[in-house]
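Scrolling down, you'll hit the structures one after another.
Okay, so subunit A shows up in both of these, paired with subunit B first and subunit C after.
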Partner chain A sequence: MREAYESGIDVSVIVQDGLIEAMNIIGPKMASGEMFVPEVLLSAETMRAGLEVVKPYLSAGDVSTLGKVVIGTVEGDLHDIGKNMVAMMLESSGFEVVNLGTDITPEDFLKAVEENKPDIVGLSALLTTTMQAMRKTVTLLKEKTSNVKIMVGGAPVNDAFAREIGADGYAPDAAGAVQLAKQLMA
Partner chain B sequence: MLTGGMETDVLKVLKEEDIRKIHNSSMRVLADVGVHVDEPEALALCEEKGARVDHQTQRVYFSEDMVMRAVETAPSTVVLYGRNDDSRNIVLGGKRVYLGTGGTALNILDLDRKRRPTTAADIARTAQLVDALDNVHFFVIPCHPHDAAEDDVDVNRFFHAMNNTTKPIMGGIFTENGVDRVINMAAVVAGGMEKLVEKPFISFISSILSPLKMDGLRTRILFKSARAGIPLATSVAPLAGATSPVTLAGTLVQMNAEALTGVVLTQLVRPGAPVLYSACPTIMDMSTMSFLFGSVESGIMNAAAAQLAQFYRLPIYSTGGISDSKQPDQQAGFEKAITALMPALAGANFIHEAAGQLDSGMTISYAQYVIDNDINGYVMRAVRGVEMDEDALAEEVITRVAPATGNYLAHKHTVKRVRTEFYYPRVATRTNYETWEKAGGKDIWAKAEEEARRILENHLPQRLPEDVVARIMRIEPGIIAV
Partner chain C sequence: MLIVGEKINSSLKGVTEAVKSRDAEFVRNLAIMQTEAGADYIDVNCGTLIDEEVEALPWLVKTVQEAVDRPCCIDSPNPAALSAALRVHKGKALINSITAEKERYDAILPLVREYGAGIVALVMDDEHGMPKDAGTRIEIGWRLIERLLKDGVPIGDIYIDPLVQPISTNGNMGVIVLETIKGIKDAYPDVHFMCGLSNVSFGLPKRALLNSTFIALCMMAGLDGAIINPGNRRMMSVIRAAEALLNKDKYTVNYLKAYRSGVLE
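Entry: the complex of A and B
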């Protein structure tokens, strides 16, 4: 990265054609099963490290973000691996991500939406028991906010449940979540 | 005859020095890495009993001495009782092998082959089915009743289980007051709290999260259960590569530390409290991040877990007979056979998930229970192994028959032992091709559906007495009639 910068290549080219383009290759390879998740994570890590190198030289407009996503695991649920995976994939695909963590109450999701003004909110639940917390969160966000799209995921969640609780979309895995987020932004 | 509780330990995936290494590493993990416990009362108790506690980070550190004291006070044998039927008791500990169902699925692949969300009626019907299947030795409540109100899920699960089988019942608890309400209900069935604790026919599962984490609700369930004297499995389910190291050895180190944490906590609450060394080691699919149940690695780790439990002289709750396949097919067959056989031949006691489950535990199937009854029959026959008494060696029979007729078929030795020496599956096809074709050319799925239907229409389990049901309905009006 440093070498590229010092050789005089434009920063936006480095980021766009070097980093983001690389992740655009990795996404589909992950979806096809050719690349394993730990390898994808290492790629995302590498991208982030690369971005750190050129960050001081970036100016507004050099990198366009695809949109802003607030993401978290719903109340009563401490699982975070799947949710973090989705956050990382979104980030490395060009989204700006605010990761709230786990065990987030509907009210805290609402607060985060009001503060961060995201385009999309991502909700995660791994337990059958916390699916109801997901429902409550969607209901509250739909009631109190406008324009923000809600996507949901997690082992017990499916498309039918997502529709039933009023979410805007469901994805079965991290690669699918990136695709869905892009669709929701279109 | 095949009966639950036959003993074996012929399979050893760990050498003695391996067990030692895992033990030593687990002890260092518990002492230096510690366990996150999200429950102030538990942190206070651990500190009072001598554990190092960091209240800021909510971490508890257990010394080897403290762990081994708990291993000593925990019972080496835990009996889970049949309801009103001691012939169905299961005596967990040592190298005694039992296989049974597991939970908690959200969907069922019904007899019409359509997949739908499970209901309270499915709990009643799976219990009824299992009640009639000889090679399913206990009933872990297998599914979620979607038609029950959120607060009444636990009482619905346990009521319909108790009302439809006399086999020992175990289940997870999903609500804060669920433990108390289920215990109250079971006490009504037993004829008082004392009688329930004397012969507990229900037991609970409260999970420890990987890596090394206990949340508030599950810690409180553990405490309540241990205080009441109801047997408890503190299920730990590390996912190798995701919530534990990718290596099997590393996952066993962490799993062992987590399983022992469950033992320690129950023994701090009440020394002697009935608890199982609880293991559900699995792996993650590295391309989809799906949780996998039916991997061969899971079979290896569950066999290793049995050896670890035997090392500590603790009864084990283990996992086997599981599959990631979506329907009863070849994949389901080989995954289930391999993952059940490995822990069974290592002498695992309470092998749960070993009936009815498909789809990584998310879907159950009535037909699959019947097929798994056969798989378990094969497994139990393997557990029984080769009897070596003089009559079995049959030297005298060979001497008489071989030089004479050469035909053993009609010999009285054959007649005497023919029903007990072989296992006869219910639904596996063993006829020749033409006979099979004439009978409709059915595969095992279709045959198992017919058998499941026949059992559900004809088998009458010993139901709860009417006055008991009436009393329970008065205190738990949220129980759904099915």
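Entry: the complex of A and C
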């Protein structure tokens, strides 16, 4: 990174074509089974370390964000591994991510949407019992907000369930979530 | 090693449809297959059918016990569904599960006592959720055991679940489980353990290799029960071998039995 900067390459090019572009290769490779979760984490760590190097030289506008995502695990559910993977992949792909954590009530999702004004909200649930909390959250957000897109995921969730509860999209894994988020922004 | 057969779970392919249509033959076959493969308990879980779990869970218990002479591991966080299933269960059931979370504990404990069931206890509480370190898990385990003992549950009826999570997203997750088992076993030698293992290998290739290696390590630490697919020959072979190596199988009777029936690989 330092070498690239010192050789006079524009920082926005380093970030966009070096870091983010590299992460764009990782997602599909993970989806196709050529790369595995620990390698994806290592890649994201590497990207973070790379960003630290050029951070002092970055100015506003050098890096354009693909959109803003508020993400969290729904009420009653403490599982965060899948949700954090999605957050990390979105971030590495150029989205701005606000990660609310786990056990987030529908009301707190609504509050976070009002405060952060995201383009997309991501809801995660791992338990069959918390799928109902996901439904409640989608219903509340659709009723009280406009324009914000909702994507859902988690082991018991599928495309049919996502449609039934009124979400805008479902993705089966972190790489799929990045693709879906890009589609929702288009 | 107590083997709980995991196949009758509505989150597995085909089971939801079978439970919805009350396809008894399908359920009976799964019960028979798992019993023949060495299951001591048959797990029943229909949590994905939220609206009808209260009717479907007892139906599963009855259907399983008509087909095989095995108790069930009744797998639900829903007290109403558990209660309905326990009412029709024959023999000593295993309830999966209780935690140190106040609401969950207060809802499940009366059922454990009323039916004299065994209880799977997850090392979770309200303050920590699923703790990310062994020390906290051990402490919650100790507290949960003390509480259950005080509430009249015999130590031999308690099965601690150390919470198996993927090593792919946190490299320490395997070690945390081993330390948790050991830390609780050291303090309470008569308590049992019970957990699913396949989570450990999420996100990595050749998961069967990781799962079966992990179960051997867990058995070394003190694990004496697992929720697995008993039809998985590799897993069953490693369990029989580890039991023999750890002197949990006197005169290697079970190991040799498995050998003669052609199960070992």
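Quick note on the criterion: the second predicted complex is superposed on the first by the 186 of 186 C-alpha atoms of A that agree within 3 Å, B and C clash if a C-alpha of one lies under 4 Å from a C-alpha of the other, contacts with A are read in each partner's own complex, and residues count from 1 in each chain.
FYI, contacts are C-beta pairs under 8 Å (C-beta built on N, C-alpha and C of every residue); 3 or more make two chains touch, one makes a residue touch a chain.
The model shown is predicted, which means the values in this text are computed figures rather than measured ones.
With the C-alpha superposition on subunit A as described, subunit C and subunit B clash in the combined arrangement.
Once the two complexes are laid over each other on the shared chain, residue contacts for A:84 go to subunit C alone; subunit B is not touched. In the superposed model, A:155 makes contact with both subunit B and subunit C.
When the two structures are aligned on the shared chain, A:129 is found in touch with subunit B and with subunit C.
Of the two partner chains placed by superposition, only subunit C is touched by A:41; subunit B is not. Of the two partner chains placed by superposition, A:96 touches none, neither subunit B nor subunit C.
Annotation: subunit A residues 33, 36-38, 78-79, 81, 85, 128-129, 132, 155-156 touch subunit B in one complex and subunit C in the other. Interface residues of subunit B facing subunit A in the complex, by the touch rule stated above, are 38, 104, 106, 144, 150, 174-175, 209, 213, 215, 217, 241-243, 246, 284, 286-291, 362. Residues of subunit A that touch subunit C in their complex: 33, 36-38, 41, 78-79, 81, 84-85, 102-103, 127-129, 131-132, 155-156. Note for the complex: subunit A touches subunit B at residues 30, 33-38, 76, 78-79, 81-82, 85, 128-129, 132, 155-156, 173-174. Taken in their complex, subunit C has these residues touching subunit A: 11, 47-48, 50, 77-78, 124, 129-130, 165-166, 168-171, 202-205.
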